[in-house]
Amino acid sequence: MKTISFLRGTAQVMFQPSAIGGVLMLAGIFWGAIEGGHAEVALGAVVGLVVATLTGYILALPQEEGEEGLWGFNGVLVGAAMMTFLGSTPLSWVALVLASAMSTWVREGLNRVGARHKVNSFTFPFVLCTWLFLAAARVLTGLDEVSLAHPMLPSVHHYDIAATPPDSVLEGVRWVLRGVGQIMLQDSWVAGFLFVVGLLFSSPWAALWALVGSAVGTYGALLYGASEVAVSSGLYGFSPALTAIALGAVFYTPSWRSAIWALLGAVATLFAQAALNVFLEPLGLPALTAPFCLTTWLFLLPLIRLDRHKQTDEDHSSWHKKKVTNQQ
Amino acid sequence: MKTISFLRGTAQVMFQPSAIGGVLMLAGIFWGAIEGGHAEVALGAVVGLVVATLTGYILALPQEEGEEGLWGFNGVLVGAAMMTFLGSTPLSWVALVLASAMSTWVREGLNRVGARHKVNSFTFPFVLCTWLFLAAARVLTGLDEVSLAHPMLPSVHHYDIAATPPDSVLEGVRWVLRGVGQIMLQDSWVAGFLFVVGLLFSSPWAALWALVGSAVGTYGALLYGASEVAVSSGLYGFSPALTAIALGAVFYTPSWRSAIWALLGAVATLFAQAALNVFLEPLGLPALTAPFCLTTWLFLLPLIRLDRHKQTDEDHSSWHKKKVTNQQ
Amino acid sequence: MKTISFLRGTAQVMFQPSAIGGVLMLAGIFWGAIEGGHAEVALGAVVGLVVATLTGYILALPQEEGEEGLWGFNGVLVGAAMMTFLGSTPLSWVALVLASAMSTWVREGLNRVGARHKVNSFTFPFVLCTWLFLAAARVLTGLDEVSLAHPMLPSVHHYDIAATPPDSVLEGVRWVLRGVGQIMLQDSWVAGFLFVVGLLFSSPWAALWALVGSAVGTYGALLYGASEVAVSSGLYGFSPALTAIALGAVFYTPSWRSAIWALLGAVATLFAQAALNVFLEPLGLPALTAPFCLTTWLFLLPLIRLDRHKQTDEDHSSWHKKKVTNQQ
């Protein structure tokens, strides 16, 4: 059991097998959580990371993945999300531990399914496990779902005000950084800044695409008239940022072709975000990173070749080997 | 880039690689759209067809499929549907272009998944892309979703009147033709008539099954007490018509066995239509051709052999080669 | 066509190819249905069983599965569920026959998909076919959906009272037995008792895990504050019971490792049950055995090895051969 497995876990949310990146991102989570007055979110992230990583050891899953931090990244998100939306009680912590542990073997199972179609499960194990427990909280009075949205029939509600452009360039930059921060559920531009710095250590391309993706999602949503609150707090930025990293810097070699593909992916993710918000509104559940997962699958499944010189078939079922090679 | 790829696209909605059929069906779309006072729907269909087909060329997908018109048929439907349910504005046309283009590579991706299970994605890429953008329109004020139904909790509503039999045989025939017309979102018996004529040019069996399927869906819905408006405007006919064409004339050689299978499929599709209407009612989204896709998958996935003389295994992943053979 | 195919069908709901078990379980269904004053539920189960099994013969599906009773078990549940939630009319019986027949070929199709990922479709064909027809009943006035819940936006409703512990040990045992009874939609501890006795004839381990799974789900729901009515009538027990049988006695050899796995599965199923109740509340549809299917897939897909001495890979796509071997 190596410490580095744990440290790398957080950075793998953004596809980086980097211990330094992981520590910087954990710092960002702590900053955002404490700034927002809910330190339990950061604690949840750490517990989720540890439980999910330990689960991989206990189940004796293939070691190489664990050492790259691939067992823990869903757990980080499960832990942060459970403490973001549920009250912190003994029963919710038990649920958090179970959901984090499940995310590890759900990932293993979904990756086996995806590998046949040459795609990865990404953060969908996090999405699935968290949806189950948050939905359950609606009817289990032992879980306090006070921070979940009220279930409603979808429409533009009277209190939704269409976003207007930011007051200043600086505020506009903060929107984009908040979009990166929301990848880990932090409504904090400082957290987003720390995440970008964390990415820079292992992959400058990933850092660039995180910012570009968040900007495309945020300003696309502004153009299409999404709500002020959602746009300015980065809720239209985080999933497009992840899609842009995946398409622009991980599964395709950076080039002008893959840049166009990543931009298209970020735009499509913005609409998927709006759509999933609507699908989930009658349940009052958050979309989490589902818009990223869905869109990235739709862009990877056709196995489009963007590099004309390649001799081998595309295979997007893992970023493990690619990253190890990049890291030398 | 061949003109015939574009012309055949429209006819491929009903599994026909026929340029003449495609032109006649486009004529039907124009008739229905202009008759209904919304010419932009026909324009949307043409733009969707062109964009989706061009996307196949740009992405360098396998040429043979493109020449058969298989890149464009989802785009025709995306374009018609986007302009049916959304207001015509610059922002909605941009969304239409993106959704149509996406339908081409989403089809490629879903076909790869389906091929492993020996089924095709049919018009599901259209359904998926259109659902995403229509749902997004609910919260993006830049898209005007004025023609979408109001989201409601499902039940028989006070203004739903159960359908009564048509006043005359002629009116009864019009219901069935409207069912065929609704395949391309046209509430017009003339459009349906032109579609049937288009089918006759390439496959009389397909023309017959389109009519039989629409009749089974329409009169089955009448028998089970569906709403007057839905039944008389063909909304219970179009998906059963597509299922009946698929099972009765495309994926199985016409015989009395496959005829029974196609009839069962049409009946099951009628219930799937009612069910999907209910599933989507809280979101106020249309079922589009999802009832056809779902039911036809359920009838093809078991790979039931209906022809005792066949030596090879069933494979329903493509109708490309079958049609080319039929067409000599 | 062998009588034993029909008799074994009912027992296969709980993975047992046992004619004696099947007869005892049918007796349980009759007891529960008559006790509850709705004998048509038992009749529906028998009709569903016969129709689904005959469908396998007519479609000439592989005989060995039929002889094990694997064609009929979804039909039993379809028939019981359709008559539980819909009024008994000529139109609903026609729908019941169609849904039961479909369940057989839907199972064949879904098993083909699942086999590639080494999992089985379990009772999901029942869930899918029943959902389609129950949802359709909401808008088809010819089907009377009077026993379905009213569609509502999910929340803890004013009439939901969190369960309190049972008044006596005996009442506590009845809750657990009702959980087993609900596997076949019977709110009756006597029915549950007969099911357990039926299991004892072919597999004492399955009988034990049915009780343990139901107890875990029921008392877990009590701990987490689920509603009184749901907990005491066994609605949190039946899916965990099925998961526990599957993981503890069918797909893994009983051992202390598989016991922990089965317990974890039962706990996870309880949350999946609560979650699916919430997902379906806007539609007013019952979760049926979907929580069991979903959770058991998530626990089997990773192909976790629980037996260190095994040389071969796990394959959970069928319990047919295992059971035949066990039965010698």
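Letters A, B and C mark the chains in the order given here, with residues in each chain numbered from 1 onward.
Definition applied: a residue touches a chain if its C-beta (ideal position, glycine included) is under 8 Å from a C-beta of that chain, and two chains touch if they have at least 3 such contacts.
Predicted model, so just to flag it, every value in this text is computed and none were measured.
Matching the C-alpha atoms of subunit B with those of subunit C calls for a turn of 120 degrees, to the nearest 5. The two sequence copies subunit A and subunit C touch through a face in which the numbers common to both fall below half of the numbers used overall.
Work out the mean CA point of subunit A and of subunit C, and you get 35 Å between them. Listed for subunit C are residues 116, 153, 282, each touching two or more other chains.
On the subunit A side of its complex with subunit C, the touching residues are 59-61, 91, 95, 98, 102, 105-106, 108-110, 112-113, 116, 131-133, 135-136, 138-143, 150-153, 282-284.
Note for the complex: subunit A touches subunit B at residues 116-117, 153-156, 160, 162, 221, 223-227, 264, 267-268, 271-272, 274-279, 282, 297-305.
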